[in-house]
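Following are the structures in question.
One chain, chain A, links the two complexes that follow: it is found with chain B in the first and with chain C in the second.
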Partner chain A sequence: MAATLIRRPVDWTGIVFAVVLTLVIVFPLIVVGTWAFTNVWRFPAVIPQEFGLKFWNQTLARADVWGSITMSLTLATTVTGLSALICLPAAYAFARLDFPGRDILFFSFLAGHAFPKFGLLVAIAGIFLQLNLIGTFWGVVLIQLVGTLLFMIWIPVAAFQSVDRRMEEAARDVGAGPFRVFWSITLPQAGPTIAAAILLSFVGTFYETEGAWLIGAPQVRTLPVLMISFINNQPVIQYGAVLSVLLWVPSFIALLFARRVVNSGSFARGFGG
Partner chain B sequence: MSVLKIKDVSKIFASGQVRAVDNFSLEVADGELVCLLGPSGSGKSTLLRMVGGFERPTSGVMTIDGEDITHVPPEKRPTGMVFQSHALWTHMNVFKNLAFGLKLRKVAPDEIKRRVDAVLDLVGLNGYGTRHVAKLSGGQQQRVALARSLVLEPKILLLDEPFASLDQHLRERLREEVRDIQQRLKITTLFVTHGQDEALSMADRIVVMRDGRTEQIDRPEVIYREPQTPFVAGFIGTMNLIEGNVANGMFSKAGYSTPLPVSDGPAILAIRPEALDLAVTGEGSQGKVHRVTDYGTHGLVDLELNDATRIKAMVPHPDLFKAGQTVTLTPKAIAAYRDGVVIHRA
Partner chain C sequence: MTVSDAGQPVLAAPESRRPIGLLLVAVPVLLVIWLIIWPIISAIIQTLWMRLPEGGDTFSLETYRFFFSDGYSLSNLSLTLWTTGVCAILLLVVCLPIALYLRFSDSRIAAYVQGLAIFPMFVPSIILSFAFIRVLGPNGTVDLLLNAMSLPKIRSPYLTPWGPVIGLVWDNIPLTVLILLSGLGNVSNQAIEAARDVGAGRFALLWHIILPRISNSVLVAISFAVLGIFSAFTLPYVLGPAAPEMMGPFMQRTFRELYEPRTAITQAVITFGFCIVFGLFYVRSVAKNRTP
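Here is the complex of A and B:
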């Protein structure tokens, strides 16, 4: 009871951080969000003269918008699925097996993020040109797959490593074979963290722009690529703003899920926390 | 009838440097509880893990009821292991933890429920089936871990320091319960511990291990009263081990001497604190009181011999002694060791 009466000092550092973060992250989001629901907003008015859904109707009436949404969802699902198929067994091997070159191979997944990405993409585009993969769906899948490797290897490796080996041994002790142990014990224990990795991979792929633009354009147009062309080619801000708001949807879903995972502590466990 | 036989088993880890278990042999009789006791690194857990199938012996043979299990994988062994960390599956409730092994054996759902309920009743957790294991106390978790092994009715129960993570009070209560259950079920049990209290209070026989080898296998009272090596003497209970010399039937060390009818030469004298009488006055060997600790029921007097060798004596009336006093020491029971073996006991 006495403890509750003790006044805690005001956390000024935390407040300053919160204010700065709000200004840097939330303020631009509010501006874009406002633009998406604005029919008329002329300088020097601080707030729009007319709110409305006019540009939503116009944007969603376009076939290329629906085409790009479908393309982005298909790409993100395909890339994430393939990435899980390739990376999860690899992550389990990294976590549990000792093989020659393991450490170097493990750290090599950082390489894709250690150099300027665009230079790497241009180099890959050169190779893809010879392989006739430029402007193809699978070309974009391949380039985006590279971008997911870090998340889909490193996080699941940490997740598998954090599963108590004694739990697996206890399962074998009561009669489970190695595959059953993986399915019934290891995977559920590592599950929330792996789900977070899959989600990060999906969201990252959904937003990926440079690879999709360099390898896929103009035949393969994802939502972010379309948004860039809207912003570059359309004098009307609202088109880009509407697409931006549409792009927020996966982020919000990811945030909601991430909150559950982070609260359960499994995300931190995944990183060895 | 479940008999475990371990014959000349060794375990050398991959590096080739560490011989964790060295030519170890043991036979555990039907319904017997044998404790593997030893300090950290003595090889007791490695040995238990080999019986459970989690480590493969480098050499030797292990059988259960005559059937060779040396290279049988853990899931196919008739053993049940209780782990130090409980190792409960935290994504399952208590019932699912216990039912998992039965489902793998394709036991009918009705029978699973009957057996899980029965074993929960046995470990005193009736009605806990739907509880989440993470929400249980340490003692309850340990009971669930025990129940998970027992529900499969293993031929051999393996306990790997099951009480190590529990507080002293709970540990004492649980070891009585586990011993009671083990005796009721008459299940052959191999129990690893580094707690001598646990071993002395629970075991039918104790195997004292050191550096992967057997130092002594005996009943608890024999291990305590008649340790065969200085290591066992020093490891079990509190023992004063005084290194000195024997000449003309007298052991002497830094002003302290006592008759010891063995041949001349170096010897280690072993005296339990409760076997050492102290008197403030009188004739005899001299020691100096360093500290007196009153435990209520008895006292412990720390003494210094002339060369600062420390020994302990248990006294019924600690208030009779004060730091700085010189006292006479009269041993009531002694053992003497030379070259690692006992040479005299009186």
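Here is the complex of A and C:
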């Protein structure tokens, strides 16, 4: 072990990449994190004059912050719930049943991905304008729901397909009904992947900014939308910094769960790689 | 289901070919038709048919003629094309070396580099925008550090066309690296060693052995990036100049602030037109990797 370590040449390329990427990717986020815990930081001090939690109290005392946190959580829960409700049965059908037009319907969920996203949102907004859905909660729900369909169908389809069919047949042979088989055999095996899909769609919806801004503003104000207005009009830097830290929490949870999924080759292949 | 699977359950086929499957997939499919396919068709029809003042409709290219003769619209379009092109080139220049390094190294540093390269996927672009302003904006951290070393301040890229470029490249690094890395998985070690044995240098290796084998992945990565960047909204809106602006903020403003939905939809159809080749190629590549 020690011998191989000594013989291996120093990985200079790796060190250069590691240093540059740390500077470019980690450093800016550390700066934001520092601002969030800073009471006073005046130019030109390199280190803040005073650290503290003063602005956490002030930010969390703002009604607009709580309003948008509630709005974001309500929206993401509604969209994810509806999406699971309509997509999981569909995923099961795509994985297990044969019906006319199955393949073309399966690939129809890709349609939205052939177009630049914001252009498509504007086209949808044109339809919503005639239906008076602009500026409404349900308008935003619909536009975000459409965004979750591909993930919520394709990932669970793969999960259902990878369930061991012989175990299901064995259970049926000893007299288990179809629901019993689904509950005791299919679901436990497909469950973790489906849970990952649900988590991804919740987090994705939580951060969805463009649809919420185009369709919902100014009545529907989610956390990312509030963040945009903080960046544009809020002179107190710490409000934005504290909000950034709050805003990052769901992503952090996703990071903990999804890292392994993302690093696997099948994830990149799902994006056409 | 693969062909062999489909052929096998001959007895079960009539029973499982029930239209109940159609019923189960009906709601999501109808949503796709109502909120993706119909808006696209409707956008094209709406912008091509003009309502006459005396009633009735007529075919007209008026809104498109306006877009392509309006100096401001055209400068927005060219800014968008410039940003997309620069971002695509920068992404390749940045991500290809990272992917190559990750493919051919197994040191512990490589795991760290891969973790960092994927990390931006878990940073929402709105937090990125804020971090960008705090670091590169006026009196940002870079200015602080330069000032501490008694050097002049930088010319901040904030609110210039380079602002969105930096943000969009940062944002797109993870998927570009992953897609390229997945393509590099197809380059066998034997091919590399064989070429080395006959004395190929590093660049000959890259040019003659590696690039031809990953050209498809490069195209997929570029298509994905172009689709995302061409109509990007958040980063250009927050970091970019007010005028000219990229197509994303331009469409949003036309729709919500100028209340000209028809003009906004025309702009949307124009972005479709510019991206259609990339879109179709991208969707075809995704579909090829996936059997239903």
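We take it that the second predicted complex is superposed on the first by the 228 of 273 C-alpha atoms of A that agree within 3 Å, B and C clash if a C-alpha of one lies under 4 Å from a C-alpha of the other, contacts with A are read in each partner's own complex, and residues count from 1 in each chain.
Here is the rule we go by: a contact is a pair of C-beta atoms (placed from the backbone, for glycine too) under 8 Å apart; a residue touches a chain by one contact, two chains touch by 3 or more.
Here the structure is a predicted model, which is why all the values come from computation and not from measurement.
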item: Partner chain(s) touched by A:131 [first = chain B, second = chain C, both, neither]; value: neither
item: Broader residue contact with chain A after superposition on the shared chain, chain B or chain C; value: C
item: Touching partner for A:53 - first (chain B), second (chain C), both, neither; value: neither
item: First (chain B), second (chain C), both or neither touched by A:254; value: second
item: Contacts of A:40 with chain B and chain C, given as first, second, both or neither; value: neither
item: First (chain B), second (chain C), both or neither touched by A:15; value: second
item: Partner chain(s) touched by A:236 [first = chain B, second = chain C, both, neither]; value: neither
item: Partner chain B, residues of chain A touching it in the complex; value: 164, 166-167, 169-177, 180, 184-185, 188-189, 191
item: Residues on chain B engaged by chain A in the complex (per definition of touch); value: 52-54, 73-76, 79-81, 83-85, 87-91, 100-101, 104-105, 145, 148-149, 152
item: Of all residues in chain A, those that touch chain C in their complex; value: 8, 11, 13-15, 17-18, 21-22, 24-29, 31-32, 35, 43-46, 86-87, 89-90, 92-94, 96-103, 105-120, 122-127, 129, 142-143, 145-146, 149, 153-154, 157, 207, 209-210, 213-214, 217, 224, 227-228, 231-232, 237, 240-241, 244, 247-248, 251-252, 254-255, 259, 262-263, 265, 267-273
item: Residues of chain C that touch chain A when the two form their complex; value: 1, 6, 13, 16-22, 24-25, 27-29, 31-33, 35-40, 42-43, 46, 97-98, 101, 105, 107, 109-110, 112-114, 116-135, 139, 141, 143-145, 147-148, 170, 173, 175, 178-183, 185, 217, 220-221, 223-224, 227-228, 230-234, 237-238, 247-248, 251-252, 255-256, 261, 264-265, 267-269, 271-272, 275-276, 279-280, 282-283, 285-290, 292
